[in-house]
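Sharing a structure below in structure tokens format, with a few things to ask.
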Amino acid sequence: MKQQRMTGWVAAGVGITALIALGTTAMAAPVKPDYPKSIGKGEGQLNIVAWEGYAQDDWVKPFEAATSCKVNRKYAGSSDEMVTLMRQGGGSEYDLVSASGDATLRLIYGGAVQPVSVDLIDDYKNFLPQLQSPPHNTINGIHYGISYDWGPNTLLYNTDKVTPAPTSWSVIYSDAYKGKVTVPDNPIQIADAALYLMATKPELGIKDPYELTQKQLDAAGDLLKAQQPLIKKYWALASDEIELFKNGDAVVGAAWPYQTNTLKAANVKVEDTIPAEGATGWADTWMLSAKAKHPNCAYLWMQYVSTPKVQAQQAIYFGATPANKLACSEMDKLEAGSCTKYHLDAPASYFDKIKFWKTPRAECGDGSKSCTNYTKWQQKWQQIKG
Amino acid sequence: MASQPAPVSGEIIVRVNNVRKTYRSTVAVEHVDLEIRRGEFFTLLGPSGSGKTTTLRLIAGFELPDSGMIEINGADVTKKPPYDRDINTVFQDYALFPHMSVAQNIAYGLETRGVKRADIITRVDEALRMVRLEGFGERLPAQLSGGQRQRVGLARAIVNRPQVLLLDEPLGALDLKLRQEMQSELKRIQAEVNITFLYVTHDQEEALTMSDRLAVFNKGRIEQMGTPVEVYEKPSTEFVANFLGTTNILDRDGRRIMIRPEKMVLTGSGDTLAAAGYHGEPGIVRDAIYVGMFSRYLVELSGGAVVTVVQQNLDRFSASQARQRGEHVQVSWRPENVNAL
Amino acid sequence: MTALTTQTTPSGALRRFSALLWRHPRFGAALLLTPPLGWFVLIYLAALVALFVSAFWTVDDFTGEIIHEWSLTNFITIAGDPTYRAIALRTVGMAAIVTITDIVLAFPFAYYMARIAGPKLRAALFALVLLPLWSSYLARVYSWRLILSNDGLLNWSLAHLGLPALNIGYTNWAMWIVFSYIWLPFMITPIYAALERIPHSLFEASQDLGGRGFRTLRKVVLPLALPGIIAGSIFTFSLTLGDYITPILVGGPGSDFIGNVVYANVGIANNIPFAAAYAAIPLVVMCIYLLVARRLGAFEMM
């Protein structure tokens, strides 16, 4: 009797396990294009997953008034949460997501999002050329979303403590500021090291900091392991880094313009720069769910948020740079000098220095499978942090 | 048992001199003077809150007196902690260490005093035998009955062969039969180890049967001290007279006098015993209670006051022998049995 | 008439049913226990089984899909990679050190509360111990971060005392301090409960038998407080073992815990089998800990 009962429980456990397993492996390949001819009438509702600050009433209310699409917002705390939310309920619960470059490929290859017709987005042609077909949201010429805003990962330093002003990432890899360095706690940070190695060790043959062979990954890992003893803290949140600089725990590190602006506003003597080696950058994309219930409202939203005015509002609210070049004058209208502050009017050479985030995959850009995937990066990052 | 000659050598082992102890504004004891002789079974008797336990705790060292002096075996221990006094205590709640076996409990005091391992084993066995708990050494206190636990508590104390053993109402938690059994056990053990016992109880019968001498406490003071016979037969205060047994108190000729009920004789109305030297007064029976060994009567005396009279039923009891309620009777007593207060 | 019969039937059935329960109390108990027990088995045990089973799977490097084949790969990686060994050791070691620290700090405090302080002071101390629990865990950890930072309260105080600055912000020292602080109430409370339960007469009995303070403490108080100490240590040990927020907030480089690795693998890398395998370590450690505690007799006297 007892044994029978036991077998019953084991069977139940195995059954549940199988269910969990099924849930995690449902989707497979990128979705094939099936574009609408034009944007139809709104369905009355729009469910979006977004970063906090990406859907403020300032620009959501006018959209709702103009389109009668009621916007239901769900804020996500991390890229991983976004991926999870977009898979929830078979993927039909949400229509749009403001995915970052370290999540986009996961959503595309996981079949969670569908191709978007850029022809239906009027302002698309006004986007920075680098963000019209970036590899993090465009595969073989098929667009899986519309770029929104972006920011570079800059070199932030305390102007009192770090002299002369650094022009190279080498400042965070050398002993000069030992124990006062801070970099993000994110495996994607390996790309920063790879970018530095592209300039300093060309013999490694790194062409794309997000496409590394095992040997190249190891080299980047070694550089970062050597950096570990110099680190005060691997920051997890932007506010962490702001605090580190405010309290004098860190004097130099990798950052976003947001940190620089916040620290300057708090009268902390800091400056940021894009060093000679270039920089990585994050860029967000509005992506359309493969099973969107309200595609017309979704297209109307993408159309609307690409306009210069909304792009400017969003950029200033969040401390980022718009994808639409025409947003410059709108930004200056909202806050004098903000266009220059966020480098939207910078020359093309500035943008060429920025390598936007994309998820590392086993398949390299040339089709070979000799690259290291994100799991490998994650494990490498763990070894680096210790 | 009470009348056994006390094995008293006269040497003073515990001396308490004018001790006073207060808790905040309440006086627990004051003007307490005691002299306890070596080998004595001395009882502190009194109702709860009378100061008897406080006195014991002062002697044990669990409390320090506000003033006065305490001497044990000639040494001033007034300010010394319990572990520097050559005495041991048997606690009312036994206070056995629940995580130690019976043998470990008993060995505890010997170990603290650094007695050799082999000696400890012998002495623990000896103590177990004395309290008739051979073979219980490995048990935990939780596995014992109340009476057995009390024996362990006793063994744990006497194994140290202290100058004085303090017993704080040790039988209070036991039922009547067990209590009587333990009373004689205690007397037997005291005779065997020849240690001075200082015993606290509120049970007057226990005090009378067991003690060589006793002190009666009331309201923080000692009312009377003496042998059980002295204290019972010649109580010096009304409180003592009432606390030890029943008593009749009368106002006669401007004096307050006391006569024990069993020392009164009941005869028929007009049947005086004056010839035999008795003093007699007429009265009416207000209540008659048959108890078995004796009968108890409440008699209203014509001279005032209601007295209790106890008559032994020496012959087989019959209705004719009994005094009826409302019957006119004569109550008589010998003048030498009268106590003037 | 019909209405009457329909009304009596259910009450009759109910009465028969209640009579059945009365005659067979075991049946009643089973009826009472089945829903919570079923819930427990289904949710808790099934989740554990799922965790253990998935720990033996792997993730395909190219597709990112879970391969449902039995393999020890994850465990071999954990055992073979010095990083994962170091993190596991760091986590367990920190849990042990925090537990010992809390015992050392909590015991005298709990002793004072339970045996020395008067009723008013005791209530005040209780409030003092429990008050931090009413504020957010995050707020408390963040406040420590501010205290320990370079320009924080600690260094400010040291500077005023003319002492050199301590650079312990964002280090394992900081984690040790913060963990010891935040879990301290979980150690004080059970030790207090254990000490408070010891009858006063046992202290007197020990003194009476010649035991001075230290001997009484070692032979009587400590053994009787042991169940409380063990109960507290189960809290502090398991809470530290499972934490991953404090390492993020106050840890520096080389401060990751098992929880951080699990989080990174579930969230960022989507390698659930590896996360499951690594999450098995604290589970196993906790099982061993409880077995040892039971062997020490900690549960017998509870």
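In this document, chain identifiers A, B and C correspond to the written order of the chains, with residue numbering beginning at 1 in each.
Rule of thumb we're sticking to: a residue touches a chain if its C-beta (ideal position, glycine included) is under 8 Å from a C-beta of that chain, and two chains touch if they have at least 3 such contacts.
Everything numeric here is computed off the predicted structure, so don't read it as measured data.
Visitor: Which of line, ring, star, complete or other matches the graph of chains that touch?
Guide: The chain contacts form an open line.
Visitor: Of the chain pairs A-C and B-C, which one is connected by the greater count of C-beta contacts?
Guide: Of A-C and B-C, more C-beta pairs in contact link A-C.
Visitor: Can you tell me which chain lies farthest from subunit B, using the average of the Cα atoms as each chain's centre?
Guide: When every chain centre is compared against subunit B, the largest gap points to A.
Visitor: Using the average of all C-alpha atoms in each chain as its centre, how far is it in Å between subunit A and subunit B?
Guide: The answer is 90 Å.
Visitor: Can you give the whole-Å distance between the Cα centres of subunit A and subunit C?
Guide: Here the centre of subunit C sits 36 Å away from the centre of subunit A.
Visitor: Between subunit B and subunit C, what is the gap in Å from one C-alpha centre to the other?
Guide: Measuring from centre to centre gives 55 Å for this pair.
Visitor: Mind pulling up the subunit A residues that touch subunit C in the complex?
Guide: 9-10, 12-14, 16-17, 20-21, 24-25, 28, 78-81, 83, 106, 109-110, 179, 185-187, 228-229, 231-234, 236, 240, 243-244, 246-249, 362-363, 369, 373-379, 381-383, 385-386
Visitor: Going by the contact rule at the top, pick out the subunit C residues touching subunit A in the complex.
Guide: Residue list for subunit C touching subunit A: 41-42, 45-46, 49-50, 53-54, 57, 59, 61-66, 68, 81, 83-84, 86-87, 145-146, 149-152, 167, 169-170, 248-249, 251-254, 256, 261, 264-272.
Visitor: Please output the residues of subunit C touching subunit B within their complex, sorted ascending.
Guide: 199, 201-202, 204-212, 215, 219-220, 223-224, 301
Visitor: Spell out the part of subunit B that touches subunit C in their complex, as residue ranges.
Guide: So the residues of subunit B in touch with subunit C come to 60-62, 81-83, 87-89, 91-93, 95-99, 108-109, 112-113, 156-157, 160.
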